[in-house]
Every structure is written in C-alpha cells, then in structure tokens.
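One structure below.
A, B and C are the chain letters, set down in written order, and residue numbers restart from 1 in every chain.
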Amino acid sequence: MNDIKQGAANLINKVRGESPLVHHITNYVTANDCANMTLSIGGSPIMADAKEEVADIARIASSVVINIGTLNERTIPSMIMAGKVANESGIPVVFDPVGAGASRLRNDTADRIVDEINITVLRGNISEVTYLTGKKAQTKGVDASEHDMQNMSGTVAIAKLLATELECVVAITGAVDIVSDGERTICIKNGNPTLSNITGTGCMCSSLIGAFCGAAPNMPLIATVAALLTMGIAGEIAFSKAGQLGNGSFRTALHDAVSKIDTDTLMRRAKIYEA
Amino acid sequence: MNDIKQGAANLINKVRGESPLVHHITNYVTANDCANMTLSIGGSPIMADAKEEVADIARIASSVVINIGTLNERTIPSMIMAGKVANESGIPVVFDPVGAGASRLRNDTADRIVDEINITVLRGNISEVTYLTGKKAQTKGVDASEHDMQNMSGTVAIAKLLATELECVVAITGAVDIVSDGERTICIKNGNPTLSNITGTGCMCSSLIGAFCGAAPNMPLIATVAALLTMGIAGEIAFSKAGQLGNGSFRTALHDAVSKIDTDTLMRRAKIYEA
Amino acid sequence: MNDIKQGAANLINKVRGESPLVHHITNYVTANDCANMTLSIGGSPIMADAKEEVADIARIASSVVINIGTLNERTIPSMIMAGKVANESGIPVVFDPVGAGASRLRNDTADRIVDEINITVLRGNISEVTYLTGKKAQTKGVDASEHDMQNMSGTVAIAKLLATELECVVAITGAVDIVSDGERTICIKNGNPTLSNITGTGCMCSSLIGAFCGAAPNMPLIATVAALLTMGIAGEIAFSKAGQLGNGSFRTALHDAVSKIDTDTLMRRAKIYEA
C-alpha cells in the first residue's frame, strides 16, 4: 500500500505545479463550490455547457468532469459531446451520476453516458453506483460470483465488478471510500460524518478527481485515491477546527483545509488499506 | 399562542428525525444556500427542474418548493408539472413568487401557478404578495372590507385576505413576519436587519418552510411559523456573533445558527403574538 | 490624480445612499457571489435572463451587467436584448467577456455584443481584452502606433486602444489594474495575489462596476476606478485577516471587507497613478 499512499501524496505537488484546466459540465447548485475546490487543490476550473462550445473547451482542457446534478435537455447532448471529444483527445473523463436511480431521465442519461463514453473514473455514492451496476449486471450478464460476494463486503464487490465491466476506476464514497480499477481495490477510512451535512461534498470530490487526473492522466487509480484522501483529511481537519460551530463554519474550514493540504499531511494522516 | 409556539418548537426534532426530501425548482443564484439551509435544519434537498423528470422527483419527495427567481421558458412548465404532481400526491407545495410585479413574465407565471396549483404556503415580501393580492382582488372581486383595513395593519389584512382567497397559508416576511391561514394570523418579531444585506434569505425561508411542511404536511401554519422563527432567531444569533465583522461572516454564522438551533432555543427566544 | 481618487472614494456613499438596481445576465458559477458583492457595496442585485423578461427588468434597472461565463443559446439573445434596452434607456452597460478567446461561441458572442451594444465599461483580464483588441485591430484597421507601443507598457496600450475604438471605459484587471477611457489611463496597484485563488473575483469586480456606474452613470471612469479600488483594498484587508487560514476564510473576509469599506479607507489605502 505504501506505493499508493506515496504516489497519491506526491500528486499534490504535481497538480499545484501543472494547474490542469478542468472542464466541468455540472449542476448550478454546487458549481461555485466545485470551482473553488478545483482552485484550492491547484487546478484551474472552467464551467461551459453550451453544445456550441463544449468541443472547443474540452480540446484545451486537461480533463472533463460530467455531473448530472441538474441535467436537462440542453445540457445532456453537451455532456455526450464533451465526453466524446475528451475520448478523442485522450484526456480523462470523470463521471458523477448524481441521483441515478431517482428518475428515469437520470437513469437513461447515466446509461447513455457509460455506453457512449469511455469513462476514466466513475464516482458516486452506493445507491448511484448500485443503480449502474444492477443495470450492467442485468443487461450484460455480468455478476459478482457467489464466492466473491461471500468473501468481500458488498460495496467492495460492487466497485470491483463495475470497474471490470466499464474498464475504468470506480469510486464509491461513504463512511469508507472504496476505489477499484478491477485489479486493485483501495479502502479509505478518512473523513468525518459532518461532510454529509453540507451540500456538494460528493460533487467536490469529483472535481478534485478531475484535477488530480488532469495532472496524472495515466494514473487514474492513484489520482482518485489522492482526491478522496484530500477530501477525507480536509473533512477531519475542518471538523476539528470548526465542527462545533456549525455547518457554515465547517464549510469554510473545509475549503481552507483543501487549500492548505500538502504531501506531508496526506502521508501522515492517510488511513488506507487494500481490500 | 403557546400552542403555536410549542408546536413550532417541537417540529425541529420532527424534521431532524424524518429528514424530508424537499424537491426544489429554484433559481441558480441562491440554490446552494437553499440546499445548505435544507440540510442545516435536517431535511434533504434535491434540485431538479427538467420537465422530463420533475414528476418522478416530486413523487418521491415530501414537499415541493417552487421559486421563480430565475424562471425561463424551460423551467416554467416544470414548475407547473411538479406542482400538479405534488397536488395529486397530497404533498405540500411552497410557492415563492420572487420578483412578482417586476416583469410581465413573473406576473403571468405567478398568476398561472396560483390558478393551476393548490398552494400550501405562499411566501414573499410585501411587494410580491401585494401584487398577487391586487390581481386576485381585481379579478375575483375579493377585497378587504373598509372595517378590516381600518382595524388591522395593512400587511395583516393582505395576508389574511390572500390566505382566504387562495385557501392556503400566506407568509409575508419583513421587519415583522406575518403568517396567516385566514383564520389565525401570527406575527413574528424575531430577526435582524442584516438579514437583508445578504442574498437569498427570502429563498432560504421558503426552503425551511418546505422542510418543516415536509415533516408536518397537515400543519402548514405551524410549520411556516417554525421556519420563520428559525430564520429570525438564527439571524439574531448570527448578528450577535458576527454582525460587526461584515456580510461574509454574518452569512457563515447564519448557516451555523440554523444547524445548531433546537427546541429550547426556539421556545426561549420566540417573539410571536396573534394579530 | 487626487480628483480621481477623491471622486472614487466619494462614490461609496452615493452607492449606499441610492442603492442602484443592478440587472445581471450572468453565469451560474458566481451568481451568488456577484449578488452578495452587489449588496455589500450597497446596491440591489437582480438576476434575470429569460428573453421574455429582460427588457422589463432592464427598464427598471440602474445598470446592466452582461457576463458570458456560462452563455448558451437561450441567454445570448437575452444579453443582446438587455443591452439594447439599456442603451435606449440611457443606463450604463458593463460587459465581462469571460473566456473570450477560449471558444468560437465566446468569441462570436463577444464580437456581437461589442458590435451591437454601446458598452459603457468593458472589464476583463489581459487575455480576454487582447482577444477583442486583436479582433478590432484586424477588422477595423486600428492599431497602437509603434511609438505608443515603445513608450507605454503593452497593457496600457491595449486598454487605451480598445477604449478609443469602442468609445467606452476599458478595465484590464491583473496584478496592476488598468482603467482607460482613451483620454486618461489610471493604474491601480492595490490587491493581493490570493484574489486569484478563489473563483469569481473578476465577475465580482464587474458587479461592483455595475453598482458604482448605476449610482454615477455619467462618471464611468471614476466609477470603474472606485469598484477596482474597492476589490483591491478589500483583498488586502482580507489577506491580512485570513490569508493564512486558507481560501475559504479569505473569501469570507473578502465579503466582510467590501461590506465594511468606506470613503476614508479608500482614500488612505488607494495606490493609483496615471499612466
């Protein structure tokens, strides 16, 4: 595991040195938080969702983040187009299937995105990822073997299964974050429950993944671990500084902590193990 | 009045226990604040405004909040559809007619919403509510009697009149908040003028009403009082902690105070009387 | 220079006294920050971008701010219409060509706006303004003379050139802010590098310009200097208070500082000179 931890920690300086341009097609609820998080880790955010320009923007970007939080008929074609251009350009695509399972539009769009685009990293909560796994398992005959299911926690099994099926990195965030590329599966025990009391921490994780992947396009597993360690450790620091004050102060402290995180802090505080 | 005050104070624990899903069709200016306020009081926000999915989302929600702050041709039909589905499902609909009176589009949309949807709670400032009252008074022959106008403050008369006409709870927020269901009219004297120095405190009130109504769908008067007491008292607490620092710190402290509010604080600080 | 400095400082009280209504057609990433900044300096923000209502809103506004940060096919016609109505009404138009140069859609839209609307103040970074300058220089045969280029810094030359060409005030913000109306060119040395670590400080500058111009429609040069001095000095104050804490606290302190700025502070701290 030390290779993963050290690799992740080293990426912080790489992001800050390269300042990757992270093209977001995202929702209007957390777009400001996502832009600020991208800046705080050292990346450069650009939000652009008009179908007339997403190809131009994706071509100059280091990575593309597709987040369906407030999807609509205008932005869905933009998501598809940006993803395809990113695939052609060989830059990473991060997909955040916000609310998959909650409406047919979200389900159909999530299905379409994983069908038509080569995703580099898929990040969601257990319910969103399970929707996609069930869909894939049902439609393509893939399943976790009985043996696997008995010997791994369900979440680890789902991450591994979907990573294998989609040939990408799958990250399931929650009390313990699970990151798998199908071969290796990493569990991250950092974080704080207060993270779920403010909006957008999932979206912000996806933006951080976009920034790390933009700086390390050939290391999506390690980049994703770096992003989730950053958010988890920042959540711990923010809670210790401001958790007792309330949600507003916690949120401010979370942005502070990400902007101040460094390699040493990540090495010292990371709690990861291999599943 | 003690029944109202105690009932409102008790609802805080009910919201935190049930975590109602509050479906927002709202503006992009304050959506982040509204989501965070919904979380801070214990609800669960979902923002979704595509006409292809609002019916699905409204069906799984505990309440629907319609806010016309940045309405457009794409979202207006979504507002109507979500409201109708909410009516069919029997869940509360909160309507915030942001800027009614300022443009024909806002006027026409506000008129259409009150005509086509059974609103549970209408919340606006005096100017927005007056627009709707004038419209209703003119078009449907309803008016406050001379006697009423002489014996009640104008704002109380307007709230009572529109509540009777629309058969809903009407909340007019301002230096003193007025809440009426046509039968009972409650005045709330909590709050702080600094609340008007940051954007979205009106929208956030509507989100809080959505959360309280989601947890107490059959008590819209008390739920609305609970929401406005929460914002007013949180404003007082935030001002005492951070008012001298400036608008940024006040805003952070406001979110803190809502996330920390409890039944005891509300009982101790509420300043309400019946008109 | 004392006339400019004193004139700018005096405008703070004028904005606070008149509370100009600033109509924004802007992006969803920083709209909340822009609304809060407009309030913090004493203006009144309204965000409205539906083509069905922008004419109504522009007619009651004191100024219009057009920001193409997340432009799309629906909002571009609204931008043009709002600008034309503002021109007819004789109220100032502030244009922020976010990302001009980065996509053909942004380029074409920026070109169209400067062609079809009489801009009062154009504010951008050096790259955005250079795009427009190059375009104008190429298509209309305007250029900075060899003599000018050798004797002025490039940025000052560009500001002066474009101001002359568009007959407006041009503000190029950066480490040193340059403001020119073609006749006089003012350089502002206030600010702090941390301002570029949070999203939207450029957009917020444009909103402040909108507020100052709304209160002083016939003094766009001084109004623009006042807005940029406000942001620059607030950035210095915020950094001294919260810069070491991180980006979240810096952002909160920036809003605090703008809400607390006054004529004396501006007079005492302004670092401006004429180019």
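Keep this in mind: a residue touches a chain if its C-beta (ideal position, glycine included) is under 8 Å from a C-beta of that chain, and two chains touch if they have at least 3 such contacts.
The structure presented is a predicted model; accordingly, all values stated were derived computationally and were not measured.
Novice: Based on the touch definition given at the start, go ahead and assign the chain network to line, ring, star, complete or other.
Specialist: Its topology is that of a complete graph.
Novice: In degrees and to the nearest 5, what turn takes the CA positions of chain A onto those of chain C?
Specialist: Between chain A and chain C, the superposition angle is 120 degrees.
Novice: Taking all residue numbers used at the chain A/chain B interface, answer same if over half belong to both copies and different if under half do.
Specialist: Counting shared over all numbers used gives less than one half: different.
Novice: Would you kindly tell me how far, in whole Å, the mean C-alpha position of chain B lies from that of chain A?
Specialist: Centres of chain A and chain B (C-alpha means) sit 35 Å apart.
Novice: Going by the contact rule already set, what residues in chain C reach two or more other chains?
Specialist: In chain C, residues 28, 32, 74, 251-252 touch at least two other chains, as defined above.
Novice: Can you tell me which positions in chain C touch chain B when the two form their complex?
Specialist: Per the touch definition, chain C meets chain B at residues 28, 31-32, 35-36, 39-40, 45-50, 52-53, 56-57, 60, 74, 251-260.
Novice: Tell me, which parts of chain B touch chain C in their complex?
Specialist: Residue list for chain B touching chain C: 27-30, 32-33, 69-74, 99, 102-106, 197-200, 245-249, 251-252.
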